[in-house]
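One chain, subunit A, appears in both complexes that follow, with subunit B as partner in the first and subunit C in the second.
For the complex of A and B:
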């Protein structure tokens, strides 16, 4: 109840403060247009923002241990959050700074127009790719190497059940979390990339074919896609995976293969929709008509005339689909139907370590165990989304 | 009005047809199992006679299409079969009090509807407000913060959002409960209190999508010439939005809402597992892991019907909100 009252008090203070702020601004500046025409919502926003910053600063500066010796978990977590965001922002800023000064003129110009979010996205994607390509170099231990002590907490402080040999701790059977996180990058990114590429091959070819041939080919494919899309994607994937697990058991086919194909087929329906509409737009163009009249073959039409013009929307869609597939794999693994142990995987790690969240009040370090893998997913997907958003914004011409 | 009635009737018929085809797709995929159900229920150790008897019990000795139609007929009359777990229990212990899948699903279905409804009730007004504001104050500080917030929320897996909320609102500040194990016969207040965190998680997930779509469709609309015209003749900004933009924005907004409510259906699965909420999503995941085919089949049918129904409603509402169709010349 007191929490609710506090929120109401803050909002009320911002309403009154916003009104006063605008009034004082008008009086002291002799009605400058900026203050005269300021909508109330904007004034409210300024004051509300100021109050929020003040509250955050107060929370940040509180001591990390209470008088009773109990850790002040709220402040600890808040500081971690602030440090994480500040660290990421700083890295992105330095990366953009480096990009502005190193490289060719073209790349320099690109970096000069880049918002901080996009530079964060590009940096993150590069780092994840490097880690995914050679996990053995970065991981201190093997993927399935088991150590004597399970549930070691992060940050290597022996007083807080840490171990300097396992800087991020160990999991339920004593495997090093940092190594598992690094190997999971490879496993998850490989499956996500394979599924996305396959989805694009299936959906892209079917969509372009529907656009080019039209008629009954178009109707048949479109109606089948409509039916597949009428079943919620995650639900359908779970159903098919549970059936595939019977097949995997009886014929010894690796489950990963089924996963890639099932995710790709269901995701290709979305790609199909895009490919078809993009294809229809291009097929109606005069230069296609001209090429047809020249008597070019279908292969030439697709590779030389249609694909180059369809590339930008496909690239953006590829980024978005990759995010989607990535989150799907995480959800499937979290639900226990995704990447199977002993392969390392983020979703599974979250599920297995989730109970530590409930100890956050007294063991803040332990509560981080499930948050690391979840963060690893969120940061990568966020990075791709930021880059896609930037490309969309750049190409849409919808500017300020 | 005749033409509208006709279009709606067509859409309804199309919806029913889609549902029929979907049921067939589900039936075909389930029957793609290697071996068959009987073997799957009894396990590897079963004798040949026992498996044959079970096969006969389930009607598996009948032809393919006949089985499909009898399954479909059963679904329509509300008979969703009996779960493997129950059958196994009965065949080993000889009990005859079998709980049917329909009885298993019904209370959970109600629970899930509560959760989805509660989440929708918060999410729809919230995201429409933020989306319209972000479109009006485009490229302002508010718009940028809203956009980054939405992207962050879209990029996070549902379980991450759920655990972050648990961390901050249930463990560090014990305002709500970290689990939502509702029992039958609780009061409305208690139910809402239990549901707060799961509903909030779903709200965050859906709001991000809905707000971005709303913003995009309003921005699209504000670029049209008649809005420019209204502004130029000096109509107040509020009036431009309410009188000129909103009637035309109705169709896209309805679509956005329906799409995202459909998205809730998928989100429900993960969220129910995180909060151990006794809904249909959790039952579905449990039976997927235990490979309990009759329950899986029934759950997928329910999810798909809800999905199709939502899209159908959106379709019909869009038609109804289109002035050209409402006032035919």
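For the complex of A and C:
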């Protein structure tokens, strides 16, 4: 109840403050157009934002231990969040700074026009790729190496159940979490990339074919896609995977292959929709008609006339699809149908360690165990989205 | 001496390009008295619309007024607060946009949109303004004025919509209306009706107006005085008659001179000569909707046949039948005396090569991701098999033929060219196939008059040097006069009249041809008045076309 009252009080303060802010602005600047024509909601936003910043600062500055000796979990987690975001932003800033001063003229120009979010995204993707390509170099221990002590907490402080040898702690059977996180990058990213590329091949070719031929070809493909899309994706994937696990056992085909194909086929329906609508827009152009009347073949039409113009939306969709496929793999693993042990995977790690979230109030360090793999997923998805946003912004400009 | 209404002094505007503000309008001044009409003319990019909007104290996103004053009835509009502007716009100053179809909200009935402004400004009640709307519809000579307001925008024609929009602007009886190219998108017979209605109602209510257009003949009918703009600069201003009879500046004179281009007459075609293209009794339909009925005409070697008609008359469909994109139901196409397969997919490479096409919108006709060299080089390679330096030489030769410097343009993308240059690339691509016959589909209608003139002259020169034959689709009779040897008039999918150009422009005409010819505005400022006196309001434009049908 008191929380609700607090929220209402803050809002009321912002309403009154916004009104006063605008009034004072008008009086002190002799009615300059900026304050004179300022809508009330804008003034409200300024004041509300100021109050929020103040509240955040107060939360940040509170002591980490309460008087009773219990850790102040809210402040601790808030500080971690602030430090993480500040650290990532600093890394992104330095990366962009380096990019602006090192390299060719072209790459320097690219970095000069780059927003900080995009530089964060690119840096993250590069780091993930390096780690995924050679996990053995970075991981302190092997993927399935088991140590004596399970459930070691992060940060290596022996007083708080930590161990300097396992900086991020160990899991339920004593495997090093940092090493598992690093090996999982390879497993998850490889499957996500393969599935996305396959989805684009299937969906892209079918979509452009439907757009060019139209008529019954279009109807047949589109209706089949509608049927596939009508079944809830996750349930369908679980169903197909359980059927496939039977085949995998009886024919000795690796389960990973089935997983890639199943995810790709289900995701290709979304790619198909995009490819078809983009294709329809381009096929209606006069330059396609001119090429048809010249007598050009289908292959030339697709590769030389249509694809170059469809590239920007395709690239953006590729980034987004990659994120969704990635999340799908994590969800499947979390549900126990994805990547199987002993291979490391972020989704599985979240599931196995999820119980520690309950200790957040009393043992903030322990609660981090499931949050590390979750963070690994979140940061990559965020990074890809930032880069996609940036490409979209660039390609929708006048150059498009 | 009428009362001063609008005073614009040294108006400068800037636009945001990238991250810097660049000037778009460099100091425009004018005065407007009550009931006076000012015509603003200039080519695209001259800043006409920007000035028109700034006269309302409004700028588009990414534009700003950097200097100068706009004073409307004593109110400083440049520094006026949003509240003051809100009380003026729609009530005392109204705006009529170029495309009425895009400016009406398709989800509401006309009369509801009409009464919005008066109710909002507290001028009248909803029922009063609806009754007034019907009265205005009557005065603007809309058909069935009592009920037309209860239709949705898509249920009335383009010309009617433009008049309904004028009525909407009149709803609060404003002191000033800005007309931004209100008739540019309309057919001539529709345009003439809209012009007559607008002029009438502006006179009746003694409303001042700024009439923005690129068409000199139109502005001559509408305006009391004319101001000419060029790239954001004032060229000159004077009253309409002086401006027409005695323009001072070179630029203005060049605008006036455009309409004088006409190529010399060619000798008559030998009877019995095989036409290069012959359309025989073509009947075609989109699905079950008939669009062409028994269309026949011939195009002889080295000749230009202009196909004229309003939108929807079947001109472009005829072109689609010739190119084979829409195989006719009945009839056939002969090329050099031999019947062509009806479907383009069954034609040989050589048959495809002989007939080329130039499109109306150069923007959609050129692949934006390919360089000029690739766009022109592809047909060269495709048809003649030339590659490497041989192909490059041919492309350079073609660029020279269309009067563009190869070294400068060969590596550019279409987006780096002006509208006229893009259209020239379209011509070069057609020439690259080394054709005998080219279909020009409204090739000049998206261009400014001076640029269009250049394209027409280029096409005429190419015809003389290469012996090409053209089928020239257009709705603009000035273009027909300039370039054609023979004329085919189409209406509702049928050929109404055809013959050599001289005969077509001399009476006696088919009644429809006569109507088309008489609807083309002339530079004479008395033209519309005289025409209305001679024929009466009900015998011009679409009203007369409908009577024929």
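Quick note on the criterion: the second predicted complex is superposed on the first by the 393 of 400 C-alpha atoms of A that agree within 3 Å, B and C clash if a C-alpha of one lies under 4 Å from a C-alpha of the other, contacts with A are read in each partner's own complex, and residues count from 1 in each chain.
The working rule: contacts are C-beta pairs under 8 Å (C-beta built on N, C-alpha and C of every residue); 3 or more make two chains touch, one makes a residue touch a chain.
Quick caveat, the model's predicted, so the values are computed rather than measured.
**Q** Once the shared chain is lined up, is A:236 touching subunit B (first), subunit C (second), both, or neither of them?
**A** First partner only, subunit B.
**Q** Quick one: classify A:377 as touching subunit B (first), subunit C (second), both or neither.
**A** A:377: touches subunit B, not subunit C.
**Q** Between subunit B and subunit C, whom does A:148 touch in the aligned arrangement: first, second, both, or neither?
**A** neither
**Q** Where does A:330 make contact in the superposed view: on subunit B (first), on subunit C (second), on both, or on neither?
**A** The answer is first: A:330 touches subunit B but not subunit C.
**Q** Figure out whether A:227 sits in contact with subunit B (first) or subunit C (second), or with both, or with neither.
**A** first
**Q** Quick check on the superposed pair: does A:245 touch subunit B, subunit C, both, or neither? Answer first, second, both or neither.
**A** first
**Q** Now for A:5: first (subunit B), second (subunit C), both, or neither, which partner does it touch?
**A** neither
**Q** Is A:361 touching the first partner subunit B, the second partner subunit C, both, or neither of them?
**A** First partner only, subunit B.
**Q** Touching subunit B and also subunit C: which subunit A residues?
**A** Of subunit A, residues 398, 400 contact subunit B in one complex and subunit C in the other.
**Q** Which residues, counting only subunit A, touch subunit C once they are in their complex?
**A** So the residues of subunit A touching subunit C come out as 33, 36-37, 285-287, 289-290, 292-296, 305, 308-309, 398-400.
**Q** Which positions of subunit B touch subunit A when the two form their complex?
**A** 18-19, 21-22, 25-26, 29-30, 32-35, 40, 133, 137-142, 147-148, 151-152, 154-160, 163-164, 166-168, 171-173, 175, 178, 219, 262, 265-266, 269-270, 273-274, 284-285, 288-289, 291, 296, 299-300, 303-304, 307-308, 311
**Q** Using the touch definition up top, name the residues of subunit A that touch subunit B in the complex.
**A** 3, 41-42, 45, 49, 73-74, 77, 117, 226-228, 230-236, 238-243, 245-247, 250-251, 323, 327, 330-331, 334-337, 347, 350-351, 354, 357-361, 367, 370-371, 374-375, 377-378, 381-382, 384-386, 389, 398, 400
**Q** If we count contacts the way the header does, which residues on subunit C are in touch with subunit A in the complex?
**A** Going through subunit C, the ones touching subunit A are 79, 81-82, 323-325, 344, 347, 349, 352, 357, 359, 361, 364-370, 378-379, 382-383, 415, 429, 433.
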